[in-house]
Each structure stands twice: as C-alpha cells, then as structure tokens.
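What follows is a set of structures to go through.
Heads up, the next two complexes both have chain A, just with different partners, chain B and then chain C.
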Partner chain A sequence: MLGEGILKGLGETAKNFAGSFVSKERLTTVQYPEERVAPIENTRDFPFLVYDGDDKMAGLRCVACQICEKECPPKCIYIVKSTDKKPDYVGKPQIYPARFDIDISVCMSCQICVEVCPFEAIKMDTEFELSTTDRFGGLLFDRDHLSKSNEHYHKIHPTEASEVDARLAEEKAKAEAKAKAAAEAAAAKAAAAATAPTAKPVPAKEPGA
Partner chain B sequence: MSAAAFKTYRPPVMDVSEEGDELLEVAMGPHHPSTHGVFRMDVALDGERVVKLKPVFGYLHRNHEKIAEKASYLAAMPYTDRLDYFCSLTNNWAYALAVEKLAGLEVPERAEYIRVITAELTRIQNHASAIGFLMQEMGASGTPLMYAFREREKILDLFEELTGSRMMCNYMRFGGCRVELPGGWLDKVKVIVAGLPQFIDETEKLLTGNEILMARSQGVGILKPDLAVNAGVTGVMLRCTGVNYDIRKVDRYGIYDRFKFRVPLGDHGDIYDRYMLRVLEMRESIEILKQALKDVPGGPIMDPKSKIRGFRPKPGEAYGRIEAPKGELGFYLISDGSGNPYRYRVRPPSLINLTILEDMCLGQNVADVVLIFGSVDIVLGEVDR
Partner chain C sequence: MSQSSQLWANPVWTNLDQIFVLLQHWVEGFFPVWLQPAVGTVLGVIAIVAAFPGIFALTTVLERKGLGRMQNRLGPNRVGPFGILQPVADGIKSLTKEDIVPLTADGVVHFLAPVVLVIAVFLGFAVLPVGRNMVLTNLDAGLLFFFAIGASTELSVFMAGWSSRNKYSLLGAMRAVAQMISYEVPLLLSSVVAVMITGSLSTVKIVEAQSGFTGIFPHWYVFTPWGFAGFVLFVIAALAETNRSPFDLPEGESELVAGYFTEYSGFKFALFFLGEYLGMFSIAGFAITLFLGGWGAPLSVLEIIPSWAWFFAKLLCAIFFFIWLRGTLPRLRQDQLMNFAWKFMLPMSLLNLLVAGAWRFLGDGWLRWIVCSAVLLLAYGLLGRVLMRHQRLGARSYRYAD
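What follows is the complex of A and B.
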C-alpha cells in the first residue's frame, strides 16, 4: 500500500514524542543555565599553571623552560624568563616566569603543553564560561590569572592529580636521597681531606729520598 | 573598469542550451544551507535541468599542510582533528599510522584494540549524522537528524571521558595512545553498543520504507563503477556502485584481520544505495565492536621507543592510509631527519569524492543537486584543509 512506510515512520516519531514525557532515554536535553550535566573528569578546556602551598609566587612549579612555548601548535604562549632565581619544590634554585601569558582566543585546547611539560607545571582547566566583552585584554590571561592552586587541580581532575602528586613526591624523595648522599660523600671527602695531609707527604717525599 | 563601461556591462552568458535558449546561471552557496559549510556550486540551468556545474571551494582553507611542515610531528596531531571534525579519532589514527611507518614504531596490542574501538564508534556516529543530514536536505526538517544526534551525543560523551574533548580528541600518539582508559569506560561502551541496534532499527523503521525517501533517492545521482574507480572515489561512494574495496579488508591495518565482518556493497550506485550502505555499515561496526570489546588485553598503551619531546624519525618517506568513515584517508610524509616533516600531504576522501559531483548532477533537477551533494557526505574542513 502506498503510504504504508510513511505511516510506519510516523508511528516511530509518535513513539518518540510520547516517550519524551516519560522516559529519560527519549528526552536527553537539559535546560542549560538552570540545569547542568555532571562534569566529566577528563574534560579539558584551557591551560592553567599549578602552584603548591598557599603562595602563588613561591609555589609556582613553572621554571620558564619555554618548552611549551616552542611546542604549542598555534603559538599562543608567551614567556619571559626571570633574571633572579627562586627555590622550586625540591629546594633547588630555579628561574621562574617573569611573564607567562596565554591568549585563550588563540589556544585550541590541544593540551600538547601539558604533555611536553617536564615539571608538571601546566595542566588543563575545566572552566568554560569565559565569554567577555573585552575582546583583547579579557582573553589574554597573565601569570596571576593563570596560577591556580594544587587543591583546585585536585578538585577538577582528582585521579590525575593524585598520580602527579605521587610522581612528584617520588622525585622529591629521590632528589633528597641524592642530596643526602652527596652531602655524605662531601662529608666523607672532607673527612678524607682532613686526614690526608698527614698521609700524603710521606709518599711525596719518596722520590727525593 | 570605467564608470561608463560599468554601466553598460552585462555578465557574459555562460552558455546556450541545445534549443538555443539562454541558460540561467545560479550560484548555490557559499551560504546555502545545504552546503555543509562554505561551498559554492555555480550551476547553469536549462529550466529546471542542470547542464553545467562548477564546484568552487577554498573558503575554509587553513593552510594545514604548510603549518604541519613548519611544526613538529606532534604539533600536527591536533590539527588533524580539524580536518574532518566529525571523525577526529580516525584522522588521528591515519596520521599516527603514517608516522609509525616512518619511524618504525610498533603499537602495543592494547592500544590497537582501543584504536579499533574508538574508530568504529567514530564510524557509527559519522554515518548516523550523515543519514540525518541527508534527510534534512530532503526536507525532513530536523527529526531524523535529531534522533541521530541523540545517539551521537552518547558516543561523544564516551570520547570526552576518554580523551577530554568531545570532537577535537587529539588522542592517538605515535606508537600508541595518549592516556589509559578511565575506570569503567569499557563497560560504558558495552552498554551503549548494546543500545545501538535498537537505534538503527528505529531509524530503518522511520526511513527505509518511506515512500518519499524512495521517490526522491532511487535512481537519482547514479554513479557508474568505472567512473568511480577512475576518479579515485573511495568509501561508501565507491562501494555503492558495487566495487568491493574496503581498506580494512585490503590493507588489514591495525588488527582488523582478527575480526569477522562483512563489507556491504551496493548495486545501483544511487542515493538510496548510499543511505542503505551507511545503515548496514553501522550494523557491521557494531559487530566489530562486540568482538573487540570481548577481549581487550592488558599491558602498556605506548611503544617504549616513542618519544614526546625531540621526536626525530630517520630520513625516508611513508604513506599511511585507513578506511575513514568517508573513504580512504591517507597521510604522505617525507622526513629529512629533522624534527618536522619535509613534506606533509593529506589525501582527503571528501575532496576526491567531490570530483565526480558534476557527472552525477548533469541532467538532474536543482532540488536533486542538493540531495546528491548531501549523499556524498563531505566535511568542508577536509575539502579545503
């Protein structure tokens, strides 16, 4: 019969229409600003800089190595190195970014900067309601704006953040052990040097004797 | 041109028909709603009949190939997402495959399984929305498209959970995948894959027997097999003519030789065949997914030889190709041993499948041109690059 297929199809749409009143399967939309879907943990948006502790400046992990600036595909990162140094998380003096700007109107959220960073200093944020009336300044994030605490990182990506923390703690322990070993070696050397003057002159005299 | 000359200027008549009537020249696009983006067809009409069709594109040109030649191998990966923005994971795979051939990297088995699962999910959501857009162009304003998007949304949520982004996934790396699967991801995939056959059944009930769809699409936009082969057309466009050519079967890249699946073939080469083939391919993809999800092995997801920073493959050239949802997607790379490719070339299925547009449209009505164009299933991001 001509029109049978159309009627069958209309039955399908009727099923969906009626079903949208009773079943969540058939009505999947949410009324966005009032209603929100649960955030997905791995979601990435724009990068931010992680700092440890409470002080934005003292705890900043970034050492201004400029790898992310070089690797960034759309080249939206701009870094100026500092001239002085500050201690990093293992206590080693490191330079820090005097300027760290990300133009998020250019950034394409690819997270290559996160992948290439050897210091776990730059991570992806999940904040997406960033629209602004200021087209240029409002979308150019500076170091202060970009710096966010490790707690914030734990809040948005809990699994990934604890992995990173474990890795950093391991590195720190290794660095401390190494420093301790180095200190011990230095002490041993110093001790050896302290005892050496009495021992050394003896063989030195031999050729002359 | 002087002012006087401009006043008397009349655009040249494109051509005259066989009967000697003047032809009407119409520019469809670049802002025509049917063009899937920015694409122009300069159509010469004799009454309602198309006698000439000139595709004009390049409005979305982004210099993808040259940018990739100036950037490192890794930095080109996020740009491949933006080629065919519906199927970023298959684009990633094709590029990763080319670089892996170039650098001699081996992909661990777990990563291969993840690649197959993501690629087949991509194929399903691409075909679902391609059918939806085709119906949109036929005048079914929105309903089939929204049903398709409802299903696509579930798959995109899976992608977001795995890769962090819904469409610009940037997930595959040279020698594996970027991150390990989040906990419980495979179970979620299993639930969604189990629900997909019902969606396809509903789509088929809604569309396959529909008299309007049959009247509009059967015998319209016929493509002959010899022309399709000569023009290098691939994917559904080629298989709808009856040519059995699926790179998953021909090359058996990745681990596709482990799965049992059939390649649906068309008979007439018309729009209806292309619609039907997409439906059948979705069903075959579900079969592949079921087999792949059954035994995902453990182990690493990256080749230990692969490097993120300072990746420099030895000099040479490589061509990696896969069966993307739209056809053969290939990346041709020449390395000179430095950190960025000496030559980077994309073989886009969308562009090459468009080359036969005029041959399919000649003698058809204007309204059918929109349909024929829609049935090719292109994404302008890939046509213009």
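What follows is the complex of A and C.
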C-alpha cells in the first residue's frame, strides 16, 4: 500500500524521540567539555619529540639529521643543527637540534616524519585542544613545546612505545656489547702491546748486545 | 451551542477570549476617531510582525532539539538553560557576519530578493484568522489573496538564483520554481473543496462554517472523507511549496551547496531563513483554517480555552509534524518529485473535487459517507498500485559501469 513505509518510518522516529527522554543508554553522543571519551590507541594528530629521563634537552633523542625536514610533504618542519655535541642514549656524542620548529597550521598529520626517523625521536601526539587566538605564533611549536617525555609516549601509545623501548634497549645492549668487545679487544691489544714491549726490548737489546 | 452561549454570558471568559481585540480597541481610544482604523491596522501589523518571528525563533531551537532527539542526541543545550537562548546567539551571529555580495552579481536584485520574500510571506498573514474576531483584514476573497501572494515567493526565489550569477544558485532556483509551480496546482485544487462546501472564499467564513459541534465533536472538514483527503493532499503540497523535507531538493547540499541562497550571507541569509519558516507557518495556518477548524476547540467541553490559544496550539502541532517528517524522510529525486505531483497529487485532487460535489448533493445520511469514502479509497489504492508497479526496487544494475 502506498504510504505504508512512511508510516513505519514515522513510528520509528517517534520511538527514538520518546525513547531518548526515557533511557539514557540511547543517547550516543558525549557532552564534550564535561565528559570525555579516552582516545583510541591509534589516535594521532601532530608530531612531538621524545626525550628520555628527566632533562628535556639532555634526553632529547633527535640528532638533527634533518631527514624528517626533507621528507615532510608540506614542509612544516624547520631544523637548525647545533655546533657542539651531546651524548645520546648510548653515550655516543651527537649533534642536537639548536632549533626544531613545526608549524601545525601547515602540518597535515601524515606521519611520514615518524616513519623516516631512524632514531625513534619523533612520534605522533594525541593532543587536540590546540585552538589559539594567535594564528601565527600560537600554531608554530618550538623545540621546547614539542619535547615530551617517553612516559607521555607510553601513556598515549603504550604498545608502540614498548616496542620502541625494546628496540632501543636491544640496540643499546648491542652497542654496549660491541663497546665491551671493542674495549676487550682494545684491552687485549693493550695487553698485547704491554706484553710486547717487554718481549720486544729483548730482541731489541740483542743487536745492541 | 448552549454551552457556548453560557460562556458568552460569562464576562471573564469573554474578556479572556477577546483580550487582544480589547487591547487593540483600548489603544485606539487614545486617538481621534478618524485615525482609529489606521491605528488599529498598524497595531494588528505590529502584532503579526512580533508574534510570528517569535514563533520562528522558538521553532529554530525546537527543531534542532527535536531532530536531535529523533537521532538520539540532545541537540543544542549550551546557550541559556536547556539551550533556549540559542536563537538569540544565532541572531547576533547573523547580524555581525560580513554581508558578501559577489562581484559579478546583480546588486539591486540580489538585495531585493530576500526583502521581496519576507514581504510576500508577511502579506499572507493578513487574511489568516488567528482567533475569534482576530484577523487583520477579512477579505471576501481571502483565500485567493493568500495564494496569489504565495505565488510571488517564486519570484523572489528566482530573483535570488538569477542575480547571484552562480551555477548552483541558478540550478537551485530552477528546481525551486519547477517544484513550486507543479505543487501549486494540487495545493489550490485541494483547498477548493473547503471553498465549495462553505460557499465562500473568506477565511473567516470558512472557520465559522466549521465551528459547530455534534455532541462533543466539532464540524471540522478533516472529519469528512473529502476533507481528510483534501487535508492530506494540502499538507503534502504545502511541504513541497515551502521546500521542506522531503521536498527540499532546491537546497540539496550534496549537489547544490545551498541552492538559491548559496551566495547569501549574514543577515540576508537570515532573512531567507525567516521567510522560509514564515512561509511554513502561514501555509500551516491555512491548513488549520481550511480543514482543522481554525481557532475552534477540538471538543465542545474544551471551548473554555480561548480561541487564539487553540489556533497557536494547532500551529505548534503542525510545526512539530513538519519537524517529525523532516527527521523521518529522505530527500526525493527530481523525477520522483515531478511524477508524484502530476501522476498522483493532481488526479487525486481533481477526483476530490468531484467527491466534494457528490457529498454536497447526496444529502444528509450515511449513503454519502460510504460512497465518498469508497471512491477515494479505491482511487488511492489503484493509483498507489499503478505508481508502485513501475518501480523496480532492488539492487541497482549499471549498463556500462560494471
């Protein structure tokens, strides 16, 4: 019969209309500033720089290699290399970024910087309440603003951060083992060198003898 | 009728029912006699210009809240308690927004279009009886005046679309005009039945003809076979005439941005918005006047409530029904819209004219009820079957794209 579907549809909306006053479970939306839904783990918006330990500058993983700056499609990253060096997480002296700016009004949240970074130094943040009254300065984040602790990273992306930590620990262990082996080799060499002079002078003496 | 006469004998009730009329006369009393008719008219105009935009403001927030509830949301709830001050915020926003006129637009026509729309829509209220003795002008051809004025909204729509010099505006205006002209025919024809039975084009007379009671039930035209059919047809045509969902093709966002008011911003946009809603109120008011007994009470025992309260209560119910439909029905396609107008609405409203004539000449008795109902139901069933037969509902097949 013509019009049957319309009546059925009207019944359905009437049910929803009345039901929304009766049962709170029907309401699917969240009253945002008062209520919040925790972001899902894969949420991402803008990049941040990870640091280890307590000191922002000392623990910064970034070595200012500028790969992210070159790969960034909208060119929103600006890096100035430092002239001096500081030790990285394995203790190796590395250059660090004297300036690291991201213009989040340009950033398109593509995550390419994260994918190309060989040092696990840049990751995606979940902070979204970034509105500001200053659309130029307020949206240009500097090194200090961008640096966030590894604990923050663990909090927002736990699985990913654990993987990264495991990888870094492995690398560190490898580097330490290598350093140890190198040290041992050096020690052995030194020992050999130390023993050699005692042996050497003997034949050296021989010609003189 | 005895109850009415009892009510009329009660001065408190009479004063309450006629409170606005008495107020008008009291203010008129401060002016010289030769000026009094003019003052009375100005007061009536002020009342209309204040009351209906007030209902518009209320409707915008109630519509958003109602639609929200139908979608299991809360709707606006930030400005004021429960969000009731939302229209104030919206009004301030639209007043402070920049008014942009496109560089290539026809400036004068672009400016005039919303003004013409609002004026035309307001003129329609002049013949709308909102209560006992409460009509601005009781024209002998009130209904004709309303439809003539209503048709000029098409002009403003086309002015807006043409002067914007924007393809979306023009396409939207073309759609709107095609739709409004197509549905004007069934709108008029479906209202003619009320005129045929009343024997007058005056809106006041049409309401008075429905004001009696049998037992406790009123003599509304909607409670007769031809009146019911006429009412349904009138409401469908009214929805199309005011570009309400499901007939809101002229402003289909997905294909036309915003239709004929794409290039309007700031307060001109607000005027279009206002005009559209006022058009909806006036046409709903005429549906009430023609078929739902105007300001009459739905049961004789409820006559104690003043007539104007009944009119506005009915108007709010009609608005709620429009919102309900908007929350339920998806938008029609252009060909469906036209097919529906010419293949269903027009034959049904023409048949309804004959049925109303038969009702008039079959005399009192149960025979006319059976004959008229049977004819209308049969026609409805047959037309429905014919229209549905050609619809191949199911998975869509593509000739080339597969």
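Everything below uses one rule, namely that the second predicted complex is superposed on the first by the 184 of 209 C-alpha atoms of A that agree within 3 Å, B and C clash if a C-alpha of one lies under 4 Å from a C-alpha of the other, contacts with A are read in each partner's own complex, and residues count from 1 in each chain.
Just so we're on the same page, contacts are C-beta pairs under 8 Å (C-beta built on N, C-alpha and C of every residue); 3 or more make two chains touch, one makes a residue touch a chain.
Since we're looking at a predicted model, the values are computed, not measured.
S.K.: Based on the superposed arrangement, let me know which partner A:Ile67 touches: chain B (first), chain C (second), both, or neither?
M.R.: It touches chain B, and chain C stays clear.
S.K.: Let me test your reading of the model: by the given contact rule, A:Gly3 touches which partner, first (chain B), second (chain C), both or neither?
M.R.: So A:Gly3 meets both chain B and chain C here.
S.K.: Counting only touches as set out at the top, which of chain B and chain C does A:Asp52 meet: first, second, both, neither?
M.R.: Neither: A:Asp52 stays clear of chain B and chain C.
S.K.: After superposing on the shared chain, does chain C or chain B touch more chain A residues?
M.R.: Comparing chain B with chain C, the partner touching more chain A residues is B.
S.K.: Could you tell me if A:Asp165 is touching chain B, chain C, both of them or neither one (first, second, both, neither)?
M.R.: A:Asp165 sits against neither chain B nor chain C.
S.K.: For A:Thr28, using the defined touch cut-off, is the partner it touches chain B, chain C, both, or neither? Pick first, second, both or neither.
M.R.: In the superposition, A:Thr28 contacts both chain B and chain C.
S.K.: Please work out whether A:Asp103 is in contact with chain B alone, chain C alone, both, or neither, and reply first, second, both or neither.
M.R.: So A:Asp103 meets neither chain B nor chain C here.
S.K.: With the two structures laid over each other on chain A, which partner does A:Asn16 touch: chain B (first), chain C (second), both, or neither?
M.R.: both
S.K.: Starting from the residues of chain A touching chain B, keep only those that also touch chain C in the other complex, and list them.
M.R.: On chain A, the overlap between the chain B and chain C contacts is residues 2-3, 6, 9, 12-13, 16, 28.
S.K.: Residue numbers of chain A touching chain C in their complex, please.
M.R.: Chain A residues touching chain C: 1-3, 6, 9-10, 12-14, 16-17, 19-21, 26-29, 31.
S.K.: Help me check something: in the complex, which residues belonging to chain A touch chain B?
M.R.: On the chain A side, the touching residues are 2-6, 8-9, 11-13, 16, 28, 40-44, 67, 71-73, 108-112, 115-116, 118, 124, 159.
S.K.: What does chain B use to touch chain A in their complex?
M.R.: It comes out as residues 67, 71-72, 74-79, 81, 143, 147, 150, 153, 157, 160-165, 168, 170, 178-179, 182, 202, 205-214, 308-309.
S.K.: Report the residues of chain C in contact with chain A in the complex, numbered from low to high.
M.R.: Result: residues 66, 69-74, 77, 324-325, 327-329, 380-381, 383-385, 387-388 of chain C touch chain A.
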